[in-house]
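Consider the two complexes below, in which chain A is the common component and chain B and chain C are the respective partners.
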Partner chain A sequence: MEQVKCECGHVNPFGTAFCEACGKPLEEAEKPLLDMRYEGSARRSQTYNKTVIDKIWNFFSSVKVGVWLIVITLIASAIGTIFPQKMYLPPNVTPAQYYEDEYGWAGKLYYELGFDNLYGSWWYMLLIALIGVSLVICSLDRVIPLYRALNNQGVTRHDAFLRRQRLFSATKIADDRLLETIKERLAKRRYHIREENGNILAEKGRFSRWGPYVNHIGLIIFLIGAMLRFVPGMYVDKVLWIREGETKEIPGTNGEYFLKNEKFTFETYQKGKENAVFNAAIDRVGSGMVAKTYETKAVLYKRVGPVIAGEEPKLKKIKEYKIRVNEPLKYDHYALYQVDFKLNELKSMSFALVDKQTSKSFGMITVDLLQPKEKYDLGNGYQVQLLSYFPDFYFDDDGNPNTRSKVPNNPAFVFKMFAPDKPKGEVSFVAIRQTIEPFGNNKYKMAFAGIDTRNVSALTVRRDFTLWVLGVGGTVFMIGLIQGMYWNHRRIWLKRTNGEVWLAAHTNKNWFGLKREIQAVIDGTGIRMPIDQAEIAKKVQGGDEHGTA
Partner chain B sequence: MMMKKQRLILRTAVLLLLLTAVGYTIYSNFFTEKTEIKVGATAPDFVLTDLNGKKHRLSDYRGKGVFLNFWGTWCKPCEREMPFINEQYKTYKKQGVEVLAVNVGEPKLSVQKFVDRFGLTFPVVIDREDQVMNAYEIDPLPTTFLIDKNGKIRAIITGTMTEEKVQQYMESIKP
Partner chain C sequence: MVQLSSTLLYIAFVLYLIGTFFFGGTIRDKKGSGRTNRWATFGIIITIFGFIAQLGYFITRWIAAGHAPVSNLFEFTTFFGMMLVAAFIVIYFIYKTPVLGVFTLPVALLVIAYASMFPREITPLIPALQSDWLKIHVTTAAAGEAILAVSFAAGLIYLIRVVDQSTPSKRTFWLEFVLFCLITTLGFVGVSSAFAIADYEAKFQWIDKNGKKTEAIYELPALVGPHKGTLEKESKDRMQPLVEMPAIINAKKLNTVIWSLFGGAVLYFLLRLVLRKRVAAAIQPFMKNVNLDLTDEISYRAVAIGFPVFTLGALIFAMIWAQIAWTRFWGWDPKEVWALITWLFYAAFLHLRLSRGWHGEKSAWLAVIGFAIIMFNLVAVNLVIAGLHSYAGS
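What follows is the complex of A and B.
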């Protein structure tokens, strides 16, 4: 059961479809043509199935299993793009709430099923890993027998092998010199020619058979590159939200680099200001609807001296740069990409202390919404105290005013107003378009007097040392692809038997090209053009089906 | 027979190799911290100023256990556990456990109101520029780091704690 000895003397592994050396079919003939896939070699996984190891091996060796793994991964990856992933949500939101608020029940389900972090989930990783395993084992299981078979192939092939090739012809011939002509012509077409007892094997482009396996090696290198991302220090991917005028530490740089946002600009295409050819397009979507520029004018600083978090940093200016989409600020392998923005975030709010009846103003206060002061003195005995501040105001479950975050999205204030005639002060709760006087009718009020805003820019911080591995993987992948796609492995056998010359040919693709080549080679030699047995079989079948001949 | 054995060994070897690679990836991604911030590592040093203007440097607390809590006034779970921490701090302060509560960069006014409301007695510092948050890679609030007398992180707790838990945690970092 271990091995099969062919009548030509060659010993084949069990499971071989036809002899590696002479091509004599070892299994019962079922179809008129030989299945040339993998050169009839035994994919051993299909033949030994004894131990647990063998069973695992065979599972991964199956192309069917591999294809299913890829299909499942594709579907999963597609699902991950339906709603934004957790890491791309705006900062300071609770994912559980966000998905439901934004996308309704579908969003809730999405979150509950864990699709919010799909690409980082253990089962997604496992799928990718299984594809990797399948890739390695599938390749090993096919490339080794194929190499063996191609290496062991003999020149003199068994009659049954030749007759059952797709391209075959037999010609009665007397003149031996014809073969010399054919040999010369084949050599000119860069065929490698081997001769044995007057029989010929002409072969070219065998290396194209390794294309798929080179391609797989590329994929595996690519996967190793992806794996390297989990090694600390190899890969940084963070987001930095930075307001105009702010200088902030760049996350992921271990406190080494700081960035100042001097200005964020958002521009759109405006009617009348652009080249006239754009007018029609601008009209279609409306003026000011199409984004033209997202730009952060930034200054990069490096921290001087030891890094202690929280310490006021000593900064050295490194460079100024205008970060635009696809034009990142690059330094020390770090890259800062423009990724998001928020226009007109509230910066400060101004109020006037006003007598409700006379509308007389007693002065104005400006409240910095990030660092509000506690007391504002207006002189002449008028004073305002800020008792409480809610930057992102809402009423919580207990009915108390509270804040959702530290971002001034919807500021609300509790002011205490002092005047010469109200020395104990009056309390007023002020939110946007809303004033509540908790202790009855006040004489004074805080009248809204204006706002100051600024833009916030979001930048992606990237550092990726795995990129070159991915690059090498991708290149090898492409080489494999080209190798397998643009070259064909062609073989032509010529055998002399009983005063006849038998010609058979095989290629792994582009049969038309092979036929034309054979035609050119045998032209004028009197050897018959081989018949395409596969096409004849098709015609016969077609004739039967349609009842025409 | 020889071939069979060889094949088994070869296949086992290849499978083991692949299993190791896959195992390492999954393990390092899900069961270890991808950063310097992990249990057993030295807690990154920082300097922050409390509400009274006093500077607190973590490394000055060597020799004491430090209960390092990150919080925000809007965070309900933080609000729930604050009284527990305050209560246990009274006992454990005498036993060499310090509490440092790091606010995630809110206005001083809001923080002061919060501290007054709960009568917090331990130092509360404000991380105005997110530097300490970055260094400790804070994601959800609240997050608590238990730091022992040698400045090593003993545990990282995310989410709210019961009073019993707070007591146990403080006990665990007693010098």
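What follows is the complex of A and C.
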């Protein structure tokens, strides 16, 4: 496309509204005020609208579209909080059932529309992606022309440019030295001053114009970081259940790291033991009802040497650490978090071999519930054999003893007891609170003699290589936000024409601040305070819907 | 120390109340309207003293508890009130507009009064809250929300001033609705305190949705009773519920809502009876000296200042803490989602204002809606949608 040459000699890109250098309007004016928002620069979206690409570009660069996307996302997000999302349902429920039972027909509908997993749905992700695309395109559409225009701006501005600024005044003035005073005052207020033929351009805070673009870049980095999560290897998320005394491979570390749980502690706030100011609060919910600490005393090990199948790994101790909520154990990009626990899991059970009649005991055995032995020798010809073991015992549909899991929640045993007078042995089925003697009356029995328990701790294993991307994105976003919001771009033009001094000013926001500053700068110089032409325009129209930014 | 702390809070409350009247005086004062005058100077001084007293409450309570007092609903909400006053003081010194005090301070008073309806004991910290991030995240988030709330106050002034009261319209209706909501908060505080002073308590046995027998203690007379609820022996003489709720509805909370609406409605109708016109219409004449453009700019400026603070506190710090305490920086917990919604809303606000020229009245309505979202997150999400955030239900 052809370029447009202004009478001041500056060559502008096609589509420019007013000359980048002198500000002379290049298009016919209808409004009394110039639209200063992008310095009249030629934005692609405002200039071309022919090809499909143009149309897509224009669609996404429209702020109207951007706002719609934001508002739709906002409403969708709100809908997702009406009922709990699937991930927050109690375990072991079927969602279809749960939503209907808890919330009736509304819950059913919610589930059927797929709102139970709203934030993971394809259309929600699409919305976020569209916002991302919109961010990129709208920023590109504006930032380059804006940069060009601000960079090329001249000091001496065309009369039409100045007259059509929101703040404008013309003053007949004789004494030129006043301008020196104004210049000094402006400099004191950190204005950057450029001078040309006795005309002045005072400018400050231009960098704040880049704020929105910087913050949009931050958002884009953040969104990229969020997407990286789906790249294999960037993200590990596993759970490790580990018993006291146990050493286990840490899942997700490819067999490199091991953890030992030395002790798990669960504490509650107890009346009398705490700071007395808490008494009232503890009384209200009950002593021992409020959790105080969840802590796993852990030792981290690293494997040394190669992995050899079937062989015990060689371990090197790396560090000891008390893992608590809010205090994860961190090492080599891995983090272990305290997330759950189970108190008093059965560890072992003890039984005495006794004569049912005389109650005489012939010794004691202790069965490790995770690794029971097959034979326990009590000496003097007494011996106990463990024929079967059901850690989580129940009777199945056929009436046979069976186990639900390998976790010793409800252990049951089939013992065979040998004694000098019973060399063939007697069989006894022993479970908690019941004994069955399948082959008639026995002489001996296994008398329950006690249990040993221990706590189990659940730790979440995380490694997340996306975090730093998110961190960078967040930081850039904040910088851009502060840059754009806490500073503004102010410009004051002073031009001499025909024995008059023309003053015009523009800011991208916060006009009151600018007016006050001008007031202070021209105070006592005789230059007239500029009038706010936008306000006047409003009063004339009688409306207050318009504003210029 | 605890005693001293509550006394200081009480003093702050009274000072804010007096401050409100002084700021109110500025609008009656014919000559100096809108600009600073004697009334306004007293008003701001008293407000600052009130703020110092509340700061004293905050510090003494911190010392007593050994942790920053932002760990339960009462503490968080009072802190929000304090930040609201702080935000007002800052904006006051930028723009010198006493009329802003006439609206911000009552909102702060309502917030603090509302806060004190929750259990006020100092609570020990559960493990998830034992972190420095508690104070960092919560204070910044509250500060951000408070600054955004100033935008609401300015927006409200704008609307009261410009909405045409000569004929009823959608605008007059919604403006009345906003005022009615504020009055209802007062209704809630009034009804709750009245029955608290009378030591009202009614214990119910009821059957929850899992068929279990449970106890519910009502502090207000039961208009709606719990599922299959019966009054226990010691409360036999208490009022019998008028209707009984099904088990899935939390009858006690619903009862409180009904009482608040009732209290609010009574207050509102008394006002209407006295004023003989819409409440907004009655306030409007006092607003005629308000500079609309300035009010509009304050409303916008508050968002411009508050938005970055809110982003930092309610999203960024929140994510950092969530990563440390809950192993993930984002979990779509209702409270998190509502912070995101608030953020998206104000982002939309900024864009509309910047590029579609939504200044003036439209912008003021948006400021009102934004505040409604913040309040929804503070009130409804805590009490109704209750998620992971441990304040819930406390």
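Here is the rule we use: the second predicted complex is superposed on the first by the 313 of 549 C-alpha atoms of A that agree within 3 Å, B and C clash if a C-alpha of one lies under 4 Å from a C-alpha of the other, contacts with A are read in each partner's own complex, and residues count from 1 in each chain.
Going forward, a contact is a pair of C-beta atoms (placed from the backbone, for glycine too) under 8 Å apart; a residue touches a chain by one contact, two chains touch by 3 or more.
Just so we're clear, the structure is a prediction, and the values are computed from it rather than from any experiment.
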{"item": "Which of chain B and chain C A:G255 touches, first, second, both or neither", "value": "first"}
{"item": "Chain B versus chain C, judged by how many residues of chain A each one touches", "value": "C"}
{"item": "Which of chain B and chain C A:M87 touches, first, second, both or neither", "value": "second"}
{"item": "Touched partner set for A:I137, first chain B, second chain C, both or neither", "value": "first"}
{"item": "First, second, both or neither for A:V65, with chain B first and chain C second", "value": "neither"}
{"item": "Which superposed partner A:L126 touches (first chain B, second chain C, both, neither)", "value": "first"}
{"item": "Touching partner for A:W57 - first (chain B), second (chain C), both, neither", "value": "first"}
{"item": "Touching partner for A:I308 - first (chain B), second (chain C), both, neither", "value": "first"}
{"item": "Footprint overlap on chain A, where chain B in one structure and chain C in the other make contact", "value": "none"}
{"item": "Chain A contact footprint on chain C (complex, rising order)", "value": "1-2, 64-66, 95, 119, 121-124, 126-128, 130-131, 133, 162, 209, 248, 292-294, 297, 300-301, 304-305, 307-308, 311-312, 316, 319, 323-325, 327-329, 331-334, 337-338, 340-341, 344-345, 347-348, 351-357, 359-362, 381, 385, 387"}
{"item": "Chain A - residues contacting chain B, complex", "value": "2, 44, 48, 51, 53-54, 56-57, 120, 122, 125-126, 129-130, 132-133, 136-137, 140, 224, 227, 230-232, 248-249, 251, 254-255, 308-311, 370-374, 386, 388-389, 391-392, 402-406"}
{"item": "Chain A - residues contacting chain C, complex", "value": "37, 63-64, 66-67, 70-71, 73-74, 77-78, 80-81, 84-85, 87-88, 102-104, 119, 269, 274-275, 277-278, 280-282, 284, 290-294, 324-326, 328, 335, 337-339, 460, 462, 467, 470, 474, 477-478, 481-482, 485-486, 509-512, 535, 544-549"}
{"item": "Of all residues in chain B, those that touch chain A in their complex", "value": "3-4, 7-8, 11-12, 14-15, 18, 21-22, 24-26, 28-30, 34-36, 44-48, 57, 72-74, 104-110, 113, 125, 127, 129-132, 134-135"}
